[in-house]
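These notes are about the structure you will find just below.
A, B, C, D, E and F label the chains in the order they appear, each numbered from 1.
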Amino acid sequence: MTQRRLLVVGAHSADFVWRAAGVIARHTSAGGEARVIALSYGERGESGELWKEPGQTVENVKRIRHGEAEAAAEAVGASFTGLDLGDYPLRAGGEEIDRLADIMRDYAPHVVITHPDKDPFNPDHPVAHYVTQQARLMTAGAVVEAGFKTVPPSEFLVFEPHQPELCGFVPSVFVDITPVMDSKVKAMECMAAQNYLREYYAQRAEHRGNHARKVTGDKSIRQAEAFQRIIPNVVSGL
Amino acid sequence: MTQRRLLVVGAHSADFVWRAAGVIARHTSAGGEARVIALSYGERGESGELWKEPGQTVENVKRIRHGEAEAAAEAVGASFTGLDLGDYPLRAGGEEIDRLADIMRDYAPHVVITHPDKDPFNPDHPVAHYVTQQARLMTAGAVVEAGFKTVPPSEFLVFEPHQPELCGFVPSVFVDITPVMDSKVKAMECMAAQNYLREYYAQRAEHRGNHARKVTGDKSIRQAEAFQRIIPNVVSGL
Amino acid sequence: MTQRRLLVVGAHSADFVWRAAGVIARHTSAGGEARVIALSYGERGESGELWKEPGQTVENVKRIRHGEAEAAAEAVGASFTGLDLGDYPLRAGGEEIDRLADIMRDYAPHVVITHPDKDPFNPDHPVAHYVTQQARLMTAGAVVEAGFKTVPPSEFLVFEPHQPELCGFVPSVFVDITPVMDSKVKAMECMAAQNYLREYYAQRAEHRGNHARKVTGDKSIRQAEAFQRIIPNVVSGL
Amino acid sequence: MTQRRLLVVGAHSADFVWRAAGVIARHTSAGGEARVIALSYGERGESGELWKEPGQTVENVKRIRHGEAEAAAEAVGASFTGLDLGDYPLRAGGEEIDRLADIMRDYAPHVVITHPDKDPFNPDHPVAHYVTQQARLMTAGAVVEAGFKTVPPSEFLVFEPHQPELCGFVPSVFVDITPVMDSKVKAMECMAAQNYLREYYAQRAEHRGNHARKVTGDKSIRQAEAFQRIIPNVVSGL
Amino acid sequence: MTQRRLLVVGAHSADFVWRAAGVIARHTSAGGEARVIALSYGERGESGELWKEPGQTVENVKRIRHGEAEAAAEAVGASFTGLDLGDYPLRAGGEEIDRLADIMRDYAPHVVITHPDKDPFNPDHPVAHYVTQQARLMTAGAVVEAGFKTVPPSEFLVFEPHQPELCGFVPSVFVDITPVMDSKVKAMECMAAQNYLREYYAQRAEHRGNHARKVTGDKSIRQAEAFQRIIPNVVSGL
Amino acid sequence: MTQRRLLVVGAHSADFVWRAAGVIARHTSAGGEARVIALSYGERGESGELWKEPGQTVENVKRIRHGEAEAAAEAVGASFTGLDLGDYPLRAGGEEIDRLADIMRDYAPHVVITHPDKDPFNPDHPVAHYVTQQARLMTAGAVVEAGFKTVPPSEFLVFEPHQPELCGFVPSVFVDITPVMDSKVKAMECMAAQNYLREYYAQRAEHRGNHARKVTGDKSIRQAEAFQRIIPNVVSGL
């Protein structure tokens, strides 16, 4: 798995940490390369603690959020880019899709992970899915010769949302993150303001670990992350 | 992938050939072990050509069907067992489930493949799914200590039915069978009576190969088989 | 459409009246033949009014129900057969399937209509679906030469249940019953004990007529019945 | 809500504790009556720890499991009955349905809760759903006068399975169990052998509490249980 | 239920009458407050009768539609606001979402009801769903401290569309409107031009009343309205 | 079926050939009229072969693609119009919907066929579905008198996508194209650059022919095309 490139796209700068820090750490510790892109900093919808400080400014909130995300990405061996498109609402169309498609053409990821296409609790997550899915299609073309630059199609998955059943999320693959759980914990600790979520997602990793044990009977698995493939993968054997 | 054990369970003795001969060949040519179990010989529902011969008997039909299936299994490196439970209708309950569960406890397969649970064109395929699924659960237990002998849970998939969309089949993994396509062709040639199906499924393998190329951009893929995972698999990275 | 044979299978003797009397009348008035089979008389679950009479017996209830159903069938030009398998619960398995399959092999229907496969309000309706579906498959075989007598596969539809959305019912075809609505009314009047349902289903036919008008823009449609195809039909043009 | 009767039916004697002890405690602490029925003791599939003791017998395992379940039920104010139908596999048909229907006719529950109808990890849970659903329908009849004793239809829900998304479970109602969480903890402590599950389901209650807070904005909610209604409920206002 | 605030958002000024006048009347007669918002007057798509008058103008059509809607709202105790965004097509995006979100922040509704997200017969209904859903999410924020004004999240439901099964509508709650049916009738009578719909929806209320009787066994229920919850509700007991 | 008007709308100029040339030929050879509209020429995403020529220009690519599509349409008796809206990405909104709606009001088609609403492999196909569906609704109005010109609602279907199961496509009707297969072959031959697809879709027509034979038992069917109805049709009998 060395040198495979993994791209994780989140609506807000902290999204990747809770749902995909483990798979990123697993990927980079195996010699792969990983990149995180945040469409926004979540500066309006998810930064309430920061806004409690008197004299707070939006630029300062973004600066702090950028720093946290960068540190968290570093903790799992990934680079971090914030596109700063704004949140609550994240509104993105053709131009933003083209911008992300350009990044994908340059990076040529083997695997792309983002939010599911539905979330009745968040206006920005489905937008992030749509932008990522469209950019991915614009990047790969129709897998025939195209009149523009393309790169090979990537595997495409979505990570686990906060209330999975209500987002139509059905896991199709568990990634065993036992060997890198400490890196995920470190990444989560970079997210200063959301103490409760650190505990929540540490427990969630244990639960998914339990599910992965049930699926395999392998008692060495302690923590896992769940993903859903949007497109079948191709293998040389089962 | 050496030494992994693959178990394919079909309702009738020819089912495995059209839908899973490629994955079996891929598995055995990589050093794995494969076993095919047919719940019936399809002696009533799928052996019409044989019944045209004057003086034909059910025992003779079964004998011929057994020979064909055994030869086809051999062509892809697998062993073949016919449980001879009868077809059109295949009626199977607790006793038959227990019998298959015993076989599974002995064989301890890493992967089990059977029919989807729905087929509006065939009364026996859903029964085969049910029997296999129940036997598999009885084999693995609750993955806690159980009051009976268990073996680790297997991966569980269904192969492609004849009219996929109407059986609720959605592919989640394509197996590239390009390197073993000649073995699949040989296995299909063992099925003397169903000329048309040989052509149909050879073309189908080409089509699934086209789909697998679209998914990966890998132009070396010529033929593939499609499967749907019923239970997530566990991996160490994406 | 002359000489096509229509078979309607209900769990209880009155089911066909509310949901399919119109399509039957339409069929027979166009020169087709129609047959109604009731798996039970609904003598326990749907005959409460009759049980209020002192000294009532199950045989008498069945006799009355038979008479009502026969009269209703006659009102729309169909024959009626009651298999008398018992209701609440209707329990039917291999033997009953074989019996119905024999009837189908004799009758060789072009179209078969029964209940949907799901009904959270009735224990007998899904059984009727299962029995009919299995018998139909046993009748047609695999559409290759089979080792037993077969007849050509029939079109297969389900009629509208009482609470459609909760039974997973999605209409795929509306039958305009405007020209035969009076026959359906007559058939409903044969069902002495269920006054309320006569009004309910007369209104329902108006509502489905409204839906059919919306679909076509054809203002001559007044009443309709809704059906869901379980298997695609084949046409020579759209 | 005083004097409403709640019935919880589990496949194995411990099932109700993890998934419904909270709603039971909430119900009884509000003055309602609650009854737990276990179709089996889970003596084969879920009692591995007990089987490790030398000389263990099935009767002793059942005795211990009965004691634990009775104590747990008592901790949340409910009575407990074990029908002892056997597990792994739980095989139940007409007779067992009739037996449960008789219990329902006597108890006349306002609310019935059981397992979802699908569980790819457990052979007994779907059987428990089927038996309960059929018994419930046989108890209520068609809500017209019937030829047998009926009681008014109950509300019908399923509790949360261990891997919700893979069982098709979608929560439709959260019950706030904050005021009775200590009773649920006590009930879970009665289940001596399954330490890990106590922690798992205590965390799960926290997570569902988090979801319920998100849904309402009510920060006083700490723990919750999730249920899915199978049949709509009727209210006098929203 | 006193003092709870109910908000009903329709694509056209008459939508709320047919599908939600009962629940509004039930709400206000219990002391609650209710507000109806129409995104458009339906002046193009649903006002054909008015356009038959010679010399008709769009402003006059809107004036008449406003008057009718206001009278109907008054009949069930609600206030009415028309946003006049245009119909056939209703095209609404960020600006309109923000406008509705501002209204929601001011009104702080406990319950929001609108159209389902799918309607193959109407281009405007899904737009109304989208606008309402987005505005609701922008109003509640992420239920953590946000960088903008929020109000607590509301319950969120959709009312019954004209062809429910084809709009993916599955009822999850019936509201008994028996005590206020005369108010709903009065509200419907304010809609001068659509005689047929008055009869249609009066019958529909009877049918849903029948369904609600079946669900509960409560024979005092005569009329009901059906709704589908989009997000689970939280209760203190079942 | 004489004089019925069929409209096929594709995202790119070649789409109609692979998926609907047969139904068009069947329609026109029965005396009906058919029109093909391509929203774009697929000049960027599907014309790679043409771009290999040195000095190629976009105008020349479009010219060649127009010629091919026109010849293919002629081969099956249809007229061809290219709206030239651009591809990869096809971006279309209110203005494009209005333009297509105007065409529909003029043409007043009895049947409209386009792409499914989902395609994880193509960014333009779902846009074509949306534009067509919206234009169709704007054309028909609410089937009450409207304040603008309307024509009667058309039947509405989608044709088979390249990877049907992953696009949510479930066939509801097969059209027997045996008598016009040679015309479809001729139309496919007009598409110079995509040799492989000619073979693929010729085989696909054979496979759908096999499915249609299974459904009917009619051995005279050799080739078929599959379609899914989005809206029920109305018939005078089954």
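General observations
As a working rule, contacts are C-beta pairs under 8 Å (C-beta built on N, C-alpha and C of every residue); 3 or more make two chains touch, one makes a residue touch a chain.
Which chain is which protein? Per UniProt: A, B, C, D, E, F = 4-oxalomesaconate hydratase.
Keep in mind the model is a prediction, meaning the values are calculated, not measured.
Shared contact partners of chain C (4-oxalomesaconate hydratase) and chain D (4-oxalomesaconate hydratase) comprise B, E. Compared with chain A (4-oxalomesaconate hydratase), the chain whose C-alpha mean position is the greatest distance off is C. Annotation: C-F is the more contact-rich of the chain pairs C-F and E-F, by number of C-beta pairs in contact. Separating the CA-averaged centres of chain B (4-oxalomesaconate hydratase) and chain D (4-oxalomesaconate hydratase) is a span of 37 Å.
Looking at chain F (4-oxalomesaconate hydratase), one finds that residues 121, 166, 171, 211, 214, 231-232 touch two or more other chains.
By the definition of touch given earlier, these chain pairs are in contact: A-B, A-D, A-E, A-F, B-C, B-D, B-F, C-D, C-E, C-F, D-E, E-F. Within the complex, the chain E (4-oxalomesaconate hydratase) residues that touch chain D (4-oxalomesaconate hydratase) are 1, 6, 23, 26-27, 30, 32, 111, 113, 140, 143, 152-153, 155, 157, 171-176, 211-218, 221, 224, 226-227, 229, 231-238. Across the complex, chain F (4-oxalomesaconate hydratase) meets chain B (4-oxalomesaconate hydratase) through its residues 121, 162-166, 169-171, 196, 200, 203-204, 206-207, 210-211, 214. Contact residues on chain B (4-oxalomesaconate hydratase) toward chain C (4-oxalomesaconate hydratase) in their complex (touch as defined above): 43-49, 51-52, 58, 61, 88-89, 91, 120-123, 166, 194.
Note for the complex: chain F (4-oxalomesaconate hydratase) touches chain E (4-oxalomesaconate hydratase) at residues 94, 97, 133-134, 137-138, 141-142, 144-148, 156, 230-232.
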